[in-house]
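Next come two complexes built around subunit A: one with subunit B, the other with subunit C.
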Partner chain A sequence: MSIFTQNRSVRIFIGILVLFTLGVTVMSEAYGTGAISVSFTKVLGMTLCLCLAALAMDLVWGYCGILSLGHFAFFGLGGYGIGMWLMTARTEAVVRANLAGGVIPPTEAEVSQATALQIFSVVGAEDWPWMWAASDSLFLSLVLIVAVPGLLALVFGWLAFRSRVTGVYLSILTQAMTLALSLYLFQNDTGLRGNNGLSGLQNIPGADAIGQDRISIWFFWASAVALGLAYVAAAWLISSKFGNIIRGIRDDEQRVRFLGYRVESYKLFVFTLTGILCGVAGALYYPQAGIINPDEIAPIASIYLAVWVAIGGRGRLYGAVIGAAVVSLLSTYFTGGRAPDIALGAFRIEWVDWWPVLLGLGFVLVTLFAPKGLGGLVDYIVRKDRA
Partner chain B sequence: MHLLRRIAISLAISVFLMPSARAQEASLQDILQTHIEEIADPSRRTVGETLDALVATGHPDLPEFLTRWQSREAWQRDADGLFVYVEDEDADPLVLLDISTGETVGEAGSREVTQLRPNGGVRRVIGGALVQFQLGAEDPAARLDALEAIGDDPDESHLPLIEARLEVEEDAAIHARLDVLLPTLLIAFAEDDADRVAAIQTLDGNVSLDARSTLNRVLTTSRFVDAELPADINIAAILTPGTGALPRDEAYAMLVSAELAPARISREDQRAVLAANIVEGRVGGVPVATLNTEAARDRAYAALVAEGLTEPIPTEQDVNAALNAHVFFDAYSEPSAIVTEAARATLDNIETRVGAYRFFDLSLDGISLASIYFLAAIGLAITFGVMGVINMAHGEFIMIGAYTGYVVQTLIADYTLSIAVALPLAFLVTFALGVLMERSVIRWLYHRPLETLLATFGISIALQQIVRQIFGTQARPFTPPDWLAGSVTINDVISISSIRIAIFLLGVIFFIALWLILNRTRLGLEVRAVTQNPAMAASMGINPDRINMLTFGLGSGIAGIAGVAIGLFAQVVPDMGSNYIVQSFMTVVVGGVGNVFGTLVGASMIGGLQKSIEWFNPTNTLAAQTYMILFVILFIQFRPRGIIALRGRAAGD
Partner chain C sequence: MSSLLEVQGVSVTFDGFRAINNLSFQIGMPEMRAVIGPNGAGKTTFMDIVTGKTRPDTGSVRWGDLGHSLLSMSEAQIAQAGIGRKFQRPTVFEDQSVHDNLRVALKKPRGPIAAILDRTTDTDRARIAEIAEEIGMAGHLGTRAGILSHGQKQWLEIGMLLAQDPKLLLVDEPAAGMTTEEREHTTALLKRLAETHAVVVVEHDMEFVRRLDCRVTVLHEGAVLAEGSLEHVMADDRVVDVYLGR
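Here is the complex of A and B:
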């Protein structure tokens, strides 16, 4: 692929990603020295998924100029899509094992009924809601992971772009969309277990014999592959003529429209594509997180996504990845209670408490003084090299 | 009953005429001792006169004694005839307590005291006297309690008491209760149907819950099934199985439980029957291992039926035949058709009226929700609407306003005064914060609106966390003064809390004040000039920096005042601001950016809409919010500039 020969940053990024993956594998509990615990492997895998979502956010915001504050909704939908299958398959296996002890073998209807009861009794229901219709088929669930976020993005984007809702208004509208979705999911009677969410997603059906140590590294690999593929595809997309057009839309939408391009179609394509990317990222993320609930897609999550991209440096693909990785890993580190507290005489700085303050002020400083974000550092280094 | 009535009437008269001061001179024990024989061993025939005399004294300790006497918790010391209560009936020796003071007067073995054990008839007479005594109590709350007790357990003997009380009662609330209680008792105990119908008709137009429950009690129905319609009962409705009122399965289940038809067997029961008939790994010749389909189970069951081991399952034809052969109906437990018809007509009238009141109440709710949205969004209407700054920390200004109210309340004990201090103080605090924020951050980002969003979001999470550090995560009490804590109740359907009225008024004041500031003052003129064209405004001698600073401060300060108001009814917690931020932005966008009037319209629409959606499903406010947001999203498609869209140059762009 010519993208590798032409674009140095893609080569470097893929190289680093491969090295990182190999490094983690070598240090993992399942295939290596065990220096990295299972839970930390999961954190790293989840971080890669967040990087993937940030990559999508960078495409839609950094390259196309659409500041969507709702992309985490698509991420959550992907998670719910895979979660329904995981939960159904897993619960059904447990139910079958229980019913097998009976005098008379169970019928399929009985198994299905008992499974539904097991899953939905927590919200006081016992029947399968319509949206679980595809949950007994992995293939259909995988289709839905792509189709549902894609369709939502398509319909929403079509409505919004058609009536030329732009800029700040679009941001608020997308925020309203993710708020509506999370409020909808919060209701107990809408079929996705309300605020209980879906849980036990780390148990992969049919893989009971395989330990979490190996499953965690497999998901890590899958996340790394997904990120790598998406990165290459995104780099190819933005280096094409299409990339020039969406950058044009970002910089001056009217001018591109007057040049004869159908701006709405381009924006809709980017919006939908990135929605799907987020859905895939979510589907990889939540089996590692183990649980998903409506809180995950509260408006604030999508704002964080935008903030990662801003901190990493929007308008460059590696910037989004750096931003997501750095901020989310630092947050995990400081809020995980592992960072040493700083004693200042009578006053004691506890990182768990002060990290959000620093993070918030950090956003302000980056926006004010480093509009290019951390990616700007790369420019600085590269320029030094050449000099 | 004649005896009871006589007692009741004489009591009614005596209680009202009795001067209470005189009665308290003698202790209750002394009074009781004068009737020692009758109290120790009362008979239904004579106890009336004794009670008459006791009630006539109007002694304040009497209700307690009557209650205990009635429930067999009063005792008498054999040695001197002293009436006492005991601390613990099962203790030995018993600890004796004085009937007035409750102090210990001694101890006694169980043989040295006698428990007063009035028989059932006597206890009812005591109960009547007690009710009578309570109805005459000076405290209105005690009188109302007595009425509630009668309402819970009405008795014919209460009728004359209520009638007598109705004539002298002056308290409006108690009078209203009596107005319902009298017909309730008449409906229950009058002998003539015409009297009962008349009693029902006096309830016409009365929307109180008590009146409605009285009528509903008259209209209580039970469901029956029979071979044919009985002649002598008051039928409410004849039901057809398979319609909404009576699903087919339910109808058949009624037949089964009345033993008029054989039971249909459920899949679970079928499974149990099969499990009970396993012979050498087979059921009816079908191997157990293959019984994992419904068809196989049906075959095995049929085989069992053929062998006579179990009952056959009725076929669909059997079920239909059984259903057709019987009649299903609802019958009133009230036998008189005239009475039930009158009650139905009256209740229908009332329900129509209740519906109208409900609608009115809902409109009030909608207005009050709209004023909350308006109050939350009004500051944003200035910073976002007029200046175009996306301030994600707006919710935190509301939160800081609420915390200001809390802090002031910890310093000033008087709630009214503390709110009077908190309102301007909250304005000052958030005004200062707003100015600081504008000077240090926002003014560098006027040409990059989307980045303002990120920077202010950073400020928002930092502010939230700082407040969390200072005040902790748990909700802080910020209590409204008494005159704001209650609610204005017009009837059982319409009521609105005072605090919501206050918020509505505050919203109106804000609206007028802001409109005047923006449209009728020099500052407003300069603000509008700077927002439309900063360069031109500057060349006309306006200092855009100063104006931007003041405008942003004004918007933030208003958010602070709104925070005080919101804190009075919502929980004061560090993340309370995030509950309002998205709604506030939507309010401003829906209403139309750039003018305060638009925000008012937007808030009214969003609040009204949310309440109307709740009308269809009142228990689920989450659903109402969801659909409201969906509506807003769709609405923006058709009016991207909001309801009140600025046109021409004012729209900026």
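Here is the complex of A and C:
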């Protein structure tokens, strides 16, 4: 495709992604030296998924100027979509194994009932909620991972954009959306196990014989492929006339209207597309995380997504990826108990508590000294090299 | 001459202030018309109404032979119907090259899917080159619009208007910030356009209006005060009172 020959940053990005993937594979426990533990492989795979979400955020905010503070809701919906299938299939296998010892083989209805009891007893229910109807089919679940976030983004975007809600009002509305969804999922009778969320998602049905060492690297590969494909597709999209138009909308949407473009259709297209991208990213993320609960789509999560893109530099695709990777890995380092605490006599800096302060400080520093973000610094260094 | 645009009895009020007061206006095709008037006479609001940005409280705005009402159409639909607008303050997409600005304006299908699949054909390339030549930017196609001078941005916006290929051109102060030579070029271009298009020019500069040599409509307090040749309206005492100041 001509996007490779025309766009240097795409070639460089894909090159680095391939090298990184090979590097991690060579150092993995399953296929290499074992220098990278299974849990760290998962962290890296999850980071790639977050990069994918940030890429979507950059398209919608950095290129189209819609500061959505609700895109993590779509990410979470993707996670719940795959989570329902994983949990159903896994629990059903366990139930079958338990019932197999009986004299009379269990009927399908009995298996289904026992599975439901197993999954929902934690919230005091024993029947399948309606939203689990597709959970016994992997294919249908995969369709829903795309369809549910896409449909929510489509309906929400249609209502918001046709009323010409823009700027900070739209941001507040998107925050309200993700908060409402999160509160809805917190309820036990919603049918998604309330605050318990879905767990045991790292156990892939039918793959009991395969260890987590191999499964972790497979998900890492899948995440890398998804990020690579999305990056190329996004670069292609913004290099087309469509890209010129959405950047025009970002800078002066009224002007674009007077040129005869229906701005609402363009915004809705970008909003829905990025919602779907976030859904796919979430569906790859949560099997690696192992658990999803409504806290994941709290309003702060979507704000973090915007912070990553701002730190990385919006309006450049690699900026979003760099921002998400750097900030989320640092976050893992400082909040995961790895960073040594600093003792200052009577006072002690515990990084778990101080990480938000550090992040805030970093955000201020980037805004002051690198207004185009970390991606802008990359531009600066590359240009300097060439000069 | 059948009229292309017919505005009848239009009024619009902002917070109790009557910006347009029972205004009627019509223009045929081809025709050139200059609209003059003091600040606050309603010139920009008039353009806003025609292009769909502002909805009038009363009155009708009809378009074309079939007399479609523009009031029920969105800005984008009105633009697609063939009304192009150049703003007073040049508004180009500063972040993008001159070529891309023209490409976005070029008359082609306006839907998102069409935009994704759009390829610059030889015809497009030729048309963009032709417009760039016309606006004196043949050598600047790759330049980022943000670093152009004020006059060049004016030209680029006129170029975008040409690329849009509208039937009616609403041009707000085209000569602002231009050198004498550029003004002459603008005058010639507008006159040439007026041979095949309807052109409405809003202008403050009387010398420029004189050079356009066309019918003049004088607005005052949101209504038409006088209409006719420049000599005719200048001879009107009321016009002299409100516009030339006493």
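To be clear about the criterion, the second predicted complex is superposed on the first by the 375 of 387 C-alpha atoms of A that agree within 3 Å, B and C clash if a C-alpha of one lies under 4 Å from a C-alpha of the other, contacts with A are read in each partner's own complex, and residues count from 1 in each chain.
Note that in this section contacts are C-beta pairs under 8 Å (C-beta built on N, C-alpha and C of every residue); 3 or more make two chains touch, one makes a residue touch a chain.
This structure is a prediction, so every number in the text was calculated from the model and none was measured.
**Student:** Specify the outcome, clash or fit, for subunit B and subunit C once both structures are aligned onto subunit A.
**Tutor:** Fit: subunit B and subunit C sit side by side once superposed on subunit A.
**Student:** To the nearest 10 degrees, give me the subunit B-subunit A-subunit C angle using C-alpha centres.
**Tutor:** Once the two structures are overlaid, it is 100 degrees.
**Student:** Using the touch definition from the top, say if A:159 reaches subunit B (first), subunit C (second), both or neither.
**Tutor:** A:159 contacts subunit B only, not subunit C.
**Student:** Touch test for A:167: subunit B only (first), subunit C only (second), both, or neither?
**Tutor:** After superposition on chain A, A:167 lies in contact with subunit B alone.
**Student:** Would you sort A:175 into first (subunit B), second (subunit C), both or neither based on which partner it touches?
**Tutor:** Only subunit B; A:175 stays clear of subunit C.
**Student:** In the superposed arrangement, does A:260 touch subunit B (first), subunit C (second), both or neither?
**Tutor:** Second partner only.
**Student:** Just to be sure I read the superposition right, which of the two partners does A:146 touch: subunit B = first, subunit C = second, or both, or neither?
**Tutor:** Neither partner.
**Student:** Hey, is it subunit B or subunit C that touches more of subunit A?
**Tutor:** Touching more of subunit A: B.
**Student:** Quote the smallest CA-to-CA distance from subunit B to subunit C in the superposed model, rounded to whole Å.
**Tutor:** 5
**Student:** Which subunit C residues qualify as touching subunit A in the complex?
**Tutor:** 51, 53, 74-76, 79-80, 84-85, 87, 91, 93-96, 100, 103-105, 110-112, 115-118, 160, 164
**Student:** Going by the contact rule at the top, pick out the subunit A residues touching subunit B in the complex.
**Tutor:** 67, 102-110, 156, 159-160, 162-165, 167-169, 171-173, 175-177, 179-180, 183-184, 186-187, 189, 299-300, 303, 306-307, 310, 353-354, 356-357, 359-364, 367-368, 371
**Student:** Where on subunit A does subunit C make contact in their complex?
**Tutor:** Those in contact with subunit C are residues 237, 240-242, 244-245, 247-248, 251-252, 254-263, 265-266, 269.
**Student:** Looking at the complex, which residues from subunit B come into contact with subunit A?
**Tutor:** On the subunit B side, the touching residues are 267, 271, 274-275, 278, 283, 288-289, 291-294, 297, 388, 390, 392, 441, 444-445, 448-451, 453-455, 457-466, 468-469, 578, 582, 585-586, 589, 620, 622-623, 625-626, 629-630, 632-634, 636-638, 640.
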